[in-house]
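Each of the two complexes below includes subunit A, the first together with subunit B, the second together with subunit C.
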Partner chain A sequence: MSAIDFSDPATIAFLTDALTAASVAGLEISAPSGQLRIVISGAGEAKIGSNRSVQPGSVSPVLVRAPLAGYFCVAHLSGSAEASSLPRAICATEVLGFIRVGPVLLPVSAGRSGTVTRLLAEVDAMVGYGAPLFEIEVQS
Partner chain B sequence: MMPGSLDKAPPPYKRFDTVLIANRGEIAVRIQRACHELGLKTVAVCSEADREAPYGRTADSFLCIGPSNAAKSYLNRDALLLAARLTGAGAIHPGYGFLSENADFAKAVEEAGLVFIGPDASSIATMGDKISAKRAMMAAGVPCVPGPDTALPDDPAAVERIALEIGYPVIIKAAGGGGGRGMRVVQEAARLHEAIALTREEARQAFGSPSLYIEKFLQHPRHIEIQVLCDIHGNAVWLGHRDCSMQRRHQKVVEEAPAPGIAPEVIGPVGLACVQACRQVGYRGVGTFEFLYEDGAFYFIEMNTRLQVEHPVTEMTSGLDIVQSQIKAAQGNPLEMSQADVQCEGHSFECRINAEDPDNFLPSAGVISDLVLPEGDGVRVDTHIHAGYKVSPYYDSLIGKLIVHAPTRAEAMTKMREALSRTRIGGIATNLSLVRALFEDEAFGRGETDIHYLEQWLKQRGAQ
Partner chain C sequence: MIEIVETGPFNTVQDLGRPGYRDIGVSASGAMDPLAVKIGNILVGNAEGAATLEIQTFPFRLIFKRRSAFVVSGTDGNPLLDGIELLPWCAYNAEVGQVLELKQPPKLARAYVAIGGGVDVPCIMGSRSTSLRGNFGGNAGRPLEKGDRIAVGEEAGILPIPASGLGVVEPAVALLEFFPRSADGSLLIRALPAGEHKLFVGDGEAFWSQTWRISSRSDRTGYRLSGDPVVPMEIVEMRSHGVVPGVIQVPPGGEPIVQMSDANTAGGYPKIVGVIECDLWRLGQARIGTRLQFVRSSYAEARAIEQAVASYIEDVRRTSGQIKRALKAMA
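This part shows the complex of A and B:
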């Protein structure tokens, strides 16, 4: 079986049509030969990005999201002072904030090492499941 | 007011001013409207797939409770209770589907100190089990399908005797089943034991209980429903009847009220028996008794302990807001009418508009590019969609309900034809062409078609 050529315009068009029809927001494929990213941007238009080789050392933003609904706190002890000192380097296990439900605080870990660049939720506001809380730039 | 209802002290009951709507789509919009008209605040919840839902913008609070998978969001009772706690909701309205008939959820809501807008957990449990429901109905004098009100025994000879007494064809059903699943028709004695073995295994896997029961299988019945409304003070009324025979694979496509061709003196005693049954089980809120109707006789099949998708046709004929009445009953208010006050007028139809291919019925997801909905006197559309709305592949394909009301059935059919011709939904496939064709069908126009009619009609259309 021959490998699919993801740089082939016909393949890209087929995948774009399939994603649009299925109402899927986007797709990213990484292969030894390169990377293909299709982002459906609404009203049937798609943004397509393709590069033949992955640049080592490139930086990509990652969102840290709320694991459940509750009230968002930046940090248990240091309050919003941490938020004002962005950007800052963090490790994967570092707790960036908490989701508070009554007396319970659920820690929100970074999940990966990198640099926290932005605080995306309002402190002490109610957030839903999956709400973006922080943006981290990860070195790939 | 019912006799004796005023001399009873009303039970202590919790008031609430905020309702969490534990559902999505058109019914979330419908419940939100009823709450706001009653001056209540609303909390809309959503899964990740429904983040852009329009009713989120009109709710007093809007919270995402989980991923797109319904098991982790709309069916996640802990997430719903957490959302109620975070938003200060005093009551939860379950809508239909999802957790609306889940006795454990109703119990958990009450144990959390909230009001479940529906019957209590024990009523749901009694009516959810087909055998106990049948027993309760027989005790209240509601006519049932011939067959025992007990589970099938294990002894093969005893089962054979029961089937012979009922007379073939018979139908084997899962006691915990519903929605057309977990049932098998047996035409002759030779097939009986194989059918029982298959259905028992299906029941065990799908409903967690291998309990089965057996009934007479009716050949050409219609599906007739009786809507009831009860308060916590022992008052209950029935709000007329509906015909929901136009079904495909047990899924209703068109409903109407009243059921055509059934004389008031035939259905009246059945309605009163339903009311009596509600009083006997201490039922509260809204509910629907479903019957098969054949050769002038009614046979109880099940009770739905929740709001029905097709409640609007009863609202159109009775002039009553069923959702508001349900909420008022949950607040502990006595019913505002007696049976004599219930006067149904005219005729109403509802078409379910589904995002699905009209030929193969496969769900159709995508963005609605163009939307024109009908308006006018006696025309109502219950929907959550708008131009640009993204129909998700994760949930039921129902995207709206088109409802009409007119003085007579013939006039209501004409009004529905006009309304359908003015409806346009672009960007996705819908069943609009199918329901348009159905409203041109002669036999449907005459009325009184049975529950097999639509499938036969579809087969004939496919063959042409």
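This part shows the complex of A and C:
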């Protein structure tokens, strides 16, 4: 039996119709090739999120988001560390940046080890809650 | 409860000191960097004057005997928790059995460990500070020793610290415009002329114009400064008079002495200047060998700096509380 391609629009359409017909609210499938999430809203419309890995089975990108609204800083304000060039390998507890509110700093870490590939927010700019700050590639 | 696993000499329990008893010969004691004590305590949720550990000789290690919030403030070194590097000026949670380690900081002299609930040693004459000269207060009136087990107060009502920590832009950076740095790297300390300033030639020119060095004969009681001696125009016999931290006296040898946290309560040497109170924490963080230059200040300037520092402290208190409450609500 061949593997189902969950990124195929025809497969997604079929699954969406099947979920709607069965009055199922949604589904989420994680496979080595990527992730598929379908949420059926009340008005019969579906929200579909598909996330395909760059290298199937080995690496998946993850977004590190702002835990709070505030000013985004990448380096510690004491000047002890400078923003490193990307991509950069990181460990789970490493502080990638801060959300600054007045004189208070909320450290932001990835929570998992991997490689920071992209900076997604403007440094020293105001960011909202949940704003993407970094993209990291996580070794699975 | 915490247990001291490793310590150098002269590390003590200190809070903001024991003022009000100089008239009976009791030094005020208290932290050499009171601003670090206040910010550390505020970040963990304590009253700003709760007792902390003042660490001035390294390496230092302690083990947490119960889950605790803690901050290492004042220092420019990165503390280690179970070998993992943390940020200074940042509150974290420690689990039972975790070991906090402080290594020699790169440039500054002292680190302060504030713990949620505060270091719970007996309060004597209104303070938990160790009086090394009087052998009382703090942990049995003496410096910390390996194997000491020290109680920590209850954390009742303290908001949780976010898992990734909660820090501050440290005072030297946040208040940079009020604490200028010199071009040649020497520490600029503001001072006001004191009682016997007029005894010195040329309005104390030799004192104000040279770069002094903190000599090795310096400790929590006072810093002796090395440089070209400054001598008074006439030798005066003075009765002993009260002195406070920040007073700079000139003994007959001409090399000034800055009174620090464990200052004598009285002295008879002529007083040339007094360091403004808001610059004392910077002196408290200056190591032996640090080069100093004194800058003539004014009451208005001293007051303006005091207000800026007070506003920074209040901002840290208000904002850190708001962030903790917001994150707790979202959790």
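As a convention for this text, the second predicted complex is superposed on the first by the 78 of 140 C-alpha atoms of A that agree within 3 Å, B and C clash if a C-alpha of one lies under 4 Å from a C-alpha of the other, contacts with A are read in each partner's own complex, and residues count from 1 in each chain.
The rule is short, and it goes like this: a contact is a pair of C-beta atoms (placed from the backbone, for glycine too) under 8 Å apart; a residue touches a chain by one contact, two chains touch by 3 or more.
Since the model is a prediction, treat every value here as computed from it, not as a measurement.
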Original post:
Just subunit B (first), just subunit C (second), both, or neither: which does A:L106 touch?
Top reply: second
**OP:** Could you look at A:A89 and tell me whether it touches subunit B, subunit C, both or neither (first, second, both, neither)?
**Re:** neither
Original post:
Thinking of the overlay built on chain A, is A:L68 touched by subunit B (first), by subunit C (second), by both, or by neither?
Top reply: both
Subject >> Partner chain(s) touched by A:G128 [first = subunit B, second = subunit C, both, neither] >> reply: first
Original post:
Do subunit B and subunit C touch any of the same residues on subunit A, and if so, which?
Top reply: 68, 101-102
Original post:
In the complex formed with subunit A, which residues of subunit B make contact?
Top reply: 46, 48, 61-67, 73, 79, 82-83, 85-87, 365-367, 369, 388, 390-393
Subject >> subunit C partner contacts - residues on subunit A that touch it in the complex >> reply: 67-68, 76-80, 93, 95, 98, 100-109
Original post:
Which of the residues in subunit A come into contact with subunit B in the complex?
Top reply: 20-23, 42-44, 68-71, 101-102, 126, 128-131
**OP:** Quick one: which bits of subunit C touch subunit A in the complex? Just the residue numbers, please.
**Re:** 76, 78, 84, 87-90, 162, 164-170, 173-174, 312, 315-316, 319-320, 322-323, 326-327
